[in-house]
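Next up, some structures in structure tokens.
There are two complexes below, and they share subunit A, which is joined by subunit B in the first and by subunit C in the second.
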Partner chain A sequence: MLGEDKYFLGVDVGSVSTNIVLLRSDNTVEEALYLRTQGRPMQTIQEGIKLLRTKMRDSAEIVGVGTTGSARQLAATLLGADVVKNEITAHAVAASRVNPQVQTILEIGGQDSKIIIIRDGVVSDFAMNTVCAAGTGSFLDQQAARLSIPIEEFGSLALQAKHPVQIAGRCSVFAESDMIHKQQLGHPLPDILAGLCQAMVRNYLNNVGKNKDIRGPIFFQGGVAANPGICKAFENELGQSIIVPEHYDVMGALGAAYLAQEKAGRRPETRTGFRGLHLGETQFQAKSFECSGCANRCEVVEIMQEGISLARWGDRCGKWSTTAGARTDAGLTESEEEKQRA
Partner chain B sequence: MKIGFPRALFYFDYFPFWAGFFHRLNIEVVTSPATHRQIMEQGLKKASDETCLPLKLLAGHIQALKDVDAIFLPRMVSVEPDTYTCPKFLGIPESLFPAVPSGIPVLTVVLNWRKGKRQVLKDLQVFGRQLGKNKAEIRKAFTLGQEWQKRYQDSMGAGWDFEESIREIERAQKGLKDSASPPECGRGQGARTSTSAVSLKEQNTDRLRIALVGHSYLTQESYANLNLLGRLREKTEVQLVQHVSQEDVESHLLGLRKKLFWNHAKQIFGSGNKFVRDHEIDGIIYLSCFGCGTDSMVQELLAWKAREQHKPYMVVTLDEHSGEAGLVTRLEAFLDMVERRRVHEGYVSTYGERLDRDSNTL
Partner chain C sequence: MKVTFPHMGNAWIVIQTLFESLNVEVVVPPTNSKRTLNLGTRLSPESACLPLKLNLGNYIEAADEGADTIVITGGIGPCRFGYYGEMERQILQSAGYNYDVVTLEPPNGSLLGLAKRIRYLAGTNNSWAQIIKALRFAYLKSVALDQVEDLIHAARPRLPNSMETEKIYEDAKKLLAQTMTVKGVQETVRWVKESIRESQEKVDTPSEGFNKPLRIGIIGEIYTILDPYTSLGLEEELGRLGVEVDRSIYLSGWVGNHVFQGLAPGYRSIKSYPGHAKPFLPHFVGGHGQETVGAAVKFAREGFDGIIQIFPLSCMPEIVAASVLPRVQEAYKVPIMTLIVDEHTGQAGMQTRLEAFVDLLERPRLQRGIGQTRGEVFGVGGR
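== the complex of A and B ==
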């Protein structure tokens, strides 16, 4: 068994937030960080690691790393991850570890929203929003900023509503003009906020949740789950109670950590590829260039650490990505091995 | 005379007919190159904003045709009795005039199989007059075109790659310049078909079997679909609409209360419905694009069938994006789900075993 000072690291780099979870060997969460990505994923990851280092004992050791989120590849390169997994699987794994009975996961993040249907502990169906971001956290963020109320108070204000107003939720542009109109008519702020919550939930259920068999227990996770107004709107609309898990805002990272743990459990002989906590201090550079090899003109991104190329991606033909750092190649052969084993 | 043929839309599926037709008439056909970024960008600029991605790509391909005497844009109203092609096909060539470079004439002909073979031939003969060909020549060209089309379609059932089949035809076309000997298109095809069929069986049966359904001009268009087919093939055994026999398509249409008008929709639904009921198929991915009218209905119909049979089913909607992240995430998650479901529904219980075995390879 693993010693007390051994931890698994899960990192979820999304569009709005970067979440880091440090998992103890007894499956409890030692540390959970929720940072704003602010469009600079590399720096945010490094800041997160720095912060983590100050909180960890010197004897502590990280024995496995998993990454997920839209910048999972970037995070994996920086950290030397053992597992790189999509958000849907990560969220599902985290939820079913927290509560094996869970049957539905509603997840609303910064720029995407998803629904995951789980039966008997296995994902049986899922859906993600299309390119439109109307039903996501960014929209709430924006509207809160426009009304100059802190996003943290949004939900509690919405709960005070007596008669929520009707707001068109199909499109965020229309929702906004609808909202302005309601304001000009003199509706109180809480009623408008509650109306907004309802509109967003309706939009979510009509688009993402369309034709899905939503059964309890229902988990609501992702940053937006912090908003009690949205929770209440979901409960009203679905007629069921909603569970917001303790680590709702870092469930993706938690799932990644569990996945790293599962992998380490299966292959105890291999050492983690983690590059060490000192990476908070090292210099990473990202540069991009346009390949002129063919008419596609792919935009290739290259990640460098102190002048040494770690990884490249973005090309369609594989000309650049295959020549880059050894780490990605190792990842490929590993999974090949596993395939044969399975 | 050199005719430009854009590599888009009706190119997929119907190019063999036209290639054979023009080959017999001793007219050189030049196709535009495979889609690349510039073609896409040009297409987006010139095509109507309201239309669908495949038509925008066609506009791009029209502009990519260089050094040709004319551009050929047939109005393919119907390709089999009792059906129509998509309404947007019917608007060709007029809807694409803005994309045609000035000074290059457009050649067009109506192809309407609803009115029967006789009428088709008659229309082609009228078109032949523009090309300076007499009725007998057109009749022969029509026969060869049909022959090529049939060979090509027959090969699809067992063969794999559309682009490979087309390369075969193109090679035959190039031979046209050197000699007038009849093309060996069919024979070469047959040989390849049998080898690929063998290698298919040899492959690991443990791999997932995924059906990719959708319009041929989306599933085969590897630039616009961000190489979805290639990515799928890397990890799974892929079945396409083209691999389903016509009898299977027809028999799986019987449950419908009303016939589908559009022949592509018919093929997609028929084969999709077959895949839904096929226990060998582990999951179905429907590739669609924004603004597709026929898909809006067929996709829902198929989703309903898939739900009935508890078949994993996912719709991927394409548009002009070149960012792969969204597609890769959905694809990975879908394959994960199918894999875990398969493990869960019998076989050896290896819960957790396969969870991340393919991680990071997409």
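== the complex of A and C ==
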């Protein structure tokens, strides 16, 4: 059995935020960190680990690591992850562990938004925004900055609205010009913000949520779930109540930690590949080059730790990634193991 | 006359063979690449679909190698591709490329008109007997190529070394491109089978205990299905994730139906699709919209685990199909995912969606195993 001081680590490196969750053996969250990625995922991961180290007791031990998010592979290489999973699966796993009854997950992050339909604890359908980023967290950030209101106050201001204005939500460019127009006509700020929330929700439901059978309980997670204005707009539009789970902003990381835990449970004899908490202090470098081997012209990225190559990826044919020192395609190994097991 | 043509997956092998066996000089444009797309995008209307942009890029790259005549197929109905031949000619002309464009289609359904155009391309030195012989050989090669591709689809999730599998595929394509005899074509197919068998023998020990791979059917717009550059290597990626794929349209099936009006059925005939589509989409909507729906129904009936539809942004027939597919999904309880590709589609986004989709299909199987022990994950081991 697992002792008190043994933890699972889940890391979700997204475009806007890097989230780290430390999961206790009794399935509760010991520590949740929400950091801004600010375009430097490697440094942010290292900072996060440093921060984590200061908060952990010396006797504490990390017995499994899972990574997810758009930089999951990078995070996996740096940390030595045992599980690398896409964010859809991670979010679904976290939500159904928190509440096994959940049937729908609305997730709005920095650069993408998704809907996940769950039936009987298993993902039955999902969709992600395709070629348009309208209606994601970045746009709200940008508009809050333009109106010079802190993003944290956006939602509560929107809730004060008496007559939300109509704003075109189809495209963020049009939404912005519509907002400016309404603002110049003299509409009060809360009404404009509430209008924007409604427009975003309509856009989300018409694009990502199209043809999806949205049934309760509905979880709303991702950074944007912090915005009560959006929550209210969802409730009005769907006519159902929305649950924002306690760890809504780190659900991806939580899911990754659960997945690492599941894996450790399946193969208790294998030790974690975690590279240790001291990795916050070492030097990582990344370099990239364009392979000229064929017409694909893949952009290959190489990650080095103090001059030693850890991993390469980005090539379609596997010429570079398989020659690197450490095999990092943990996603593949994972799915192969699963297949052998199943 | 130096003939060139747009790329679409492996089609170049067949087209090159056809012209070479008629002694017509042919320029195969460099494979689709970022450069091709950049060159094409510069000349294209912004809202045109991805194939047009790549086509134009192909012609510009071919012009550098002296090509002066373009051969392209045409089409009827609401799909824009039908008039791309003429549109491309005009776009190229205003950009300073004086290409002659020959659209291979039966004008007003007349096979005679098609024959005239073929005659124009073949020149006066070839007898009709020679032309028919060349067409038959090219067709034979096309069927062989499709067969090899289908073998690779099945091999990818089953063979131990993915790089080796891709190597077999690449080598087979090279061999097929070179050979000019029926025997050579047959031998290549035999060689592929032999190589796969050898490789498989290495893993076929019972201790490996590999599960049956998931099966995913690929449907959608023909160019994006057939061209791996456009689909960001969709089939290869799925293969690497341990999935066996099949697709709705193979090159020879399309050529047989589209250009030769069903005179030749091809490797996988597309004739049955409209029938399958009937309860959901009873009429022609342009392009392969109806075939997409029909193929989804067929894959679902054949017990495929999942279906992926792929098409270029703004493709009208496929948008129609996409809005019908949820009903197929509902009727047959088969998960269907739609992917839309455009110039800026990144590999990472594709990867995430594919992994998530494969998880969606796989996790139920997995969960059944874990389900009973969920509460006490750590006490159980060694299964």
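We adopt the following convention: the second predicted complex is superposed on the first by the 330 of 342 C-alpha atoms of A that agree within 3 Å, B and C clash if a C-alpha of one lies under 4 Å from a C-alpha of the other, contacts with A are read in each partner's own complex, and residues count from 1 in each chain.
Here is the rule we go by: a residue touches a chain if its C-beta (ideal position, glycine included) is under 8 Å from a C-beta of that chain, and two chains touch if they have at least 3 such contacts.
Computed from a prediction, not measured in an experiment: that's the story for all the values here.
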item: Overlay on subunit A: subunit C relative to subunit B, clash or fit; value: clash
item: Partner chain in contact with A:122 - subunit B first, subunit C second, else both or neither; value: both
item: Contacts of A:76 with subunit B and subunit C, given as first, second, both or neither; value: first
item: Subunit B versus subunit C as contact partner of A:268, first or second or both or neither; value: second
item: Subunit B versus subunit C as contact partner of A:297, first or second or both or neither; value: both
item: Contacts of A:306 with subunit B and subunit C, given as first, second, both or neither; value: neither
item: Which of subunit B and subunit C A:211 touches, first, second, both or neither; value: both
item: Partner chain(s) touched by A:26 [first = subunit B, second = subunit C, both, neither]; value: neither
item: Partner chain(s) touched by A:58 [first = subunit B, second = subunit C, both, neither]; value: neither
item: Subunit B versus subunit C as contact partner of A:88, first or second or both or neither; value: both
item: Common ground on subunit A, meaning residues reached by subunit C in one complex and by subunit B in the other; value: 70, 85-89, 121-126, 128, 130-131, 211, 262, 266, 294-297, 316, 331-332, 335, 338-339, 342
item: Interface residues, subunit C side, partner subunit A - complex; value: 30-35, 162-163, 166, 208-211, 229, 233, 236, 240-242, 313, 323, 326, 329, 335, 339-340, 342, 344-345, 347-349, 351-353, 355-360, 362-367, 369-370, 373, 377-383
item: Footprint of subunit C on subunit A - complex, ascending; value: 1-2, 25, 70, 85-89, 112, 121-126, 128, 130-131, 211, 261-262, 264-269, 294-297, 314, 316-319, 322, 331-332, 335-336, 338-342
item: Touch list for subunit B against partner subunit A, complex; value: 33, 36-39, 206, 223, 227, 303, 307, 310, 312, 317, 319, 321, 325-326, 328-330, 332-334, 336-337, 340-341, 344, 350-361
item: Footprint of subunit B on subunit A - complex, ascending; value: 70, 76, 83-89, 93, 120-126, 128, 130-131, 211, 259, 262-263, 266, 294-298, 316, 328, 331-332, 335, 338-339, 342
